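Handing you a structure now.
Letters A, B and C mark the chains as written, and numbering starts fresh at 1 in each.
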Amino acid sequence: MDLAATILVDGLIYAGWLFIVSVGLTLVFGVLNILNIAHGSLYAIGAYASASLVGAYFASGGDAFPYGSYAALILAAVLVALVLGPLLERGLLRFFYGRDEVLNVLVTYAVFLILEDVMKLIWGVNPYFVYEPYTLLGDVEIGPLFYVGYDFAVIAAAIIVGLVVWLTLNHTQIGKVVLAVIHDSEMSQTMGVNVQRVYLGAFMAGAFLAALGGALTAPMISVTPGLGVNVIIVAFAVVIIGGLGSIPGAAIGALMVGISRAASVHLLPEAELFIIYFVMAIVLLFRPEGLFAKTQARKI
Amino acid sequence: MQSNLIISAIVALVALAAGAVILPDWAMFLFAMALAKGLVCLGIVGMMRGGVVSFGQGLYYCLGAYTATLVANNFGISDIFLLTFLSALVCLLVGIAFGPLLSNYRGIFFAMLSLALSMVLYGSLSKMSFIGGTDGLNIAAPTFLGWAPEGRPLQAALYIYVVTISVIAGTLMRIYFDSERGLLTLATRDNELRVEYLGASVRNIMTYNYVFGAVLGGIGGTIAALALGHVDPEFAFWTTSGEFVFVAILAGYLSVPAVFVSAIILELVRSFSNLYFPNTWQLALGIFLLAVIIALPNGLGSLVRRWKGNKA
Amino acid sequence: MSTGVLEVRDVQKSFGAVTAAKDISVTVPEGAVYSLIGTNGAGKTTFVNMVTGYIKPDSGQINFRDRNIIGMAPRQITRMGIHRSFQIAQLCNELTVEENMLVADAIHGATGPSFLRNAHDKDARARAIATLERFNIAEHRDRLIPELSGGVKKLLDIAMAMAGDTQIMLLDEPTSGVAADEKFPIMDLVMDALRSAGVTVIFVEHDMDIVTRYSERVLAFYDGRIIADDAPDEVLSDSEVQRYVTGAPA
């Protein structure tokens, strides 16, 4: 019983973090039709940026009001989105719209390689530690188990992100336009939608979510080079499981991956990496386009 | 046409083999590694002709390398021919197991599912401490039908071996690409519905291409392991597979020699940027990759075809 | 047991609430030329798709030479000798006309497609060009598909379907997308080729002049049902057909 509860809680924590990253990835794919490997770099840059900003906050007398460091975390993600979003989308990706999907994966792979070294140039190769925000919220006691309060804040953040994305897409004018573009960008263009702006907006939102995932993780780990490599590959698994471009799919996918990974960590540690792709392979076996993808028969 | 192909193959073989005399040690090693990886990429090109790209060819590269290493270390087999054969056989069997499954998928799903399989191998090997875990394993220098060279002769022998295998594999794949089956593969890339309604099985076509890719991957991995003297799970990591895809895209699917040329170009770019920009070689590689994608959307092979077209 | 090369018995098919085929029963004798008429959505293409295995009926039987073919994949049905053409010609756009034909020939060659035999082998090319000549499109052999006129595309589509041992040919709107003055010459060419090969023909058509000129028997579809099954003149003068299909007295 305790084990089951542990697995559930650990799984939820991991799923929350994973959802934030994956929902950005799936949003970008849904709108731009590009599966963005550089999403992992944006995540890593978010982590570095937040480590720097939080560090700077405490260095400039933030101890007086330590909770301000949370604003620094989010500000870091916003900055990453504002700087890199337009740079990558306007400067590069827009030239590849409508090209082969797999070729576009390679384009973003090139960006990923470039950003890996750019991070080393900016932040060096030594690890960054910013543990203050992590300890600030104290511990939470669930039955016999203790959890760090911050972990639950991540779950809360994931729920808020999910709700905001869902409400924006389904209950606002902007959301309707975005959904129209996801459905058929050519048609939307002829209907007078400024597709270019939707693409830019969606990419910046995706970049923000990637960076937010990184920023929220930074206090929990040591921020070192190579952070983005594994994240992107797990996030890929999540969005493929859920169905590319599907927001609810990203949520379900994150939960499935999160909980099965937690189960593996506690029951069969050797399979920790294995299990994620195993779940993905099983899902694709039965639902070749993922759980929430719309399948359409070809008319002949 | 067929005799032209044989003549080109012999010329390529002789020209490349001359490298065993001319090339300095470092270049011979670089070329051997490039050709070994070129074999893996040739398999991807075979799939690309059918419209799918495997982002997980590291699976077979790694499987081949580990098969050779484990056989060499546990059974004392050091003969390069036998090691290559056994690795190819293992990859053939694994390819036959996964091929029919993957042949139902296209585009991004095929790419990601093949990637997932390679990451499963990566994850498993990393955790298996009894075969070295993330540190991997060493493999002793190979022998050649009883001959056990050392130093420069060993390097030269290994180099000539990979040159020979590459030329043979390249020639066979060219024959296959030009065959009726090869044409069907191109037709499948273009219009699957048409192919099915002509009475051919698209799945069958895709499966064969996948299995050929698996065998080529295994052979490439074996040779790379022997050249390096070491294997580790990184052989199956997605960035390794990413480089293979890059070479395949750089080459395009029109020309077989272009695949090996591209592999050599990538190795050269990598070692020179490693030498001159030791901290930013990934950056250099990324910029090079982007430049290639933008300048040559149909790959290096399209230059050859364009040039031929102008001449005609 | 039966006399028809193709026997369709009580076939039903619905997509959700839409009935695409209701109590469809037809017997097509060997060597006959049938045409299918009806408005869009009446069930003509569904009929073609069911016979060729693209859509599986909910119930009923489709027998080809007394063998039930329901549940078989399109390629298996094709291999048995039931071929089809498409409303929008299905061709390989990156290949030339001759290469498209070579693809069809390679699949239906005596030994099946080979891993070694060169696809552009002299004999294979001669065979392909002979077929292209039969359909009067050999002059386009080196052109890519997107450069061709609608009529040439249709002819190539049908020529490819004739590569095997074709026994029944289903033509889905053979003259759609074809210039008006090309329609009759193309139909003449196609029907001559099919008749001389002794092929049973079933074609879907909207142009009633073509229906009366080329078919021996007409099946009129309305709302997933066959409302008339008779000689062209009889069907076209049927009041129900006039009301639901042709829209005016013939």
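In this text, a residue touches a chain if its C-beta (ideal position, glycine included) is under 8 Å from a C-beta of that chain, and two chains touch if they have at least 3 such contacts.
None of these values were measured; they are calculated from a predicted model.
Each chain's centre was taken as the mean of its CA atoms, and the one lying most distant from subunit B is C. In this view the innermost chain, defined by its CA centroid being closest to the centroid of all protein CA atoms, is B. Chain centres here are Cα means. That of subunit B falls 44 Å from that of subunit C. One finds 50 Å separating the Cα centroids of subunit A and subunit C. In this assembly, the C-alpha centroid of subunit A lies 33 Å from the C-alpha centroid of subunit B.
Counting partners per residue, subunit B has 193 as the residues that reach two or more other chains. Within subunit A, contacts with two or more other chains are made by residues 300. In subunit C, the positions touching at least two other chains are 90. Partner subunit A is touched in their complex by these residues of subunit B: 53, 55, 101, 104-105, 107-109, 111-113, 115-117, 119-120, 122-124, 126-128, 193, 238-239, 242, 245-246, 249, 279-283, 285-287, 289-290, 293-294, 297. Contact residues on subunit A toward subunit B in their complex (touch as defined above): 35, 92, 95, 99, 101-103, 105-107, 109-114, 116-118, 120-121, 229, 233, 236-237, 240, 244, 269-274, 277-278, 280-281, 284-285, 288-289, 298, 300.
Per the touch definition, subunit B reaches subunit C in the complex via residues 1-2, 175-176, 178-184, 186-187, 189-191, 193-201. Listing the residues of subunit C that touch subunit B in their complex gives 52, 73-76, 78-79, 83-84, 90-95, 99-100, 102-104, 106-109, 113-120, 124, 160-161, 163-164.
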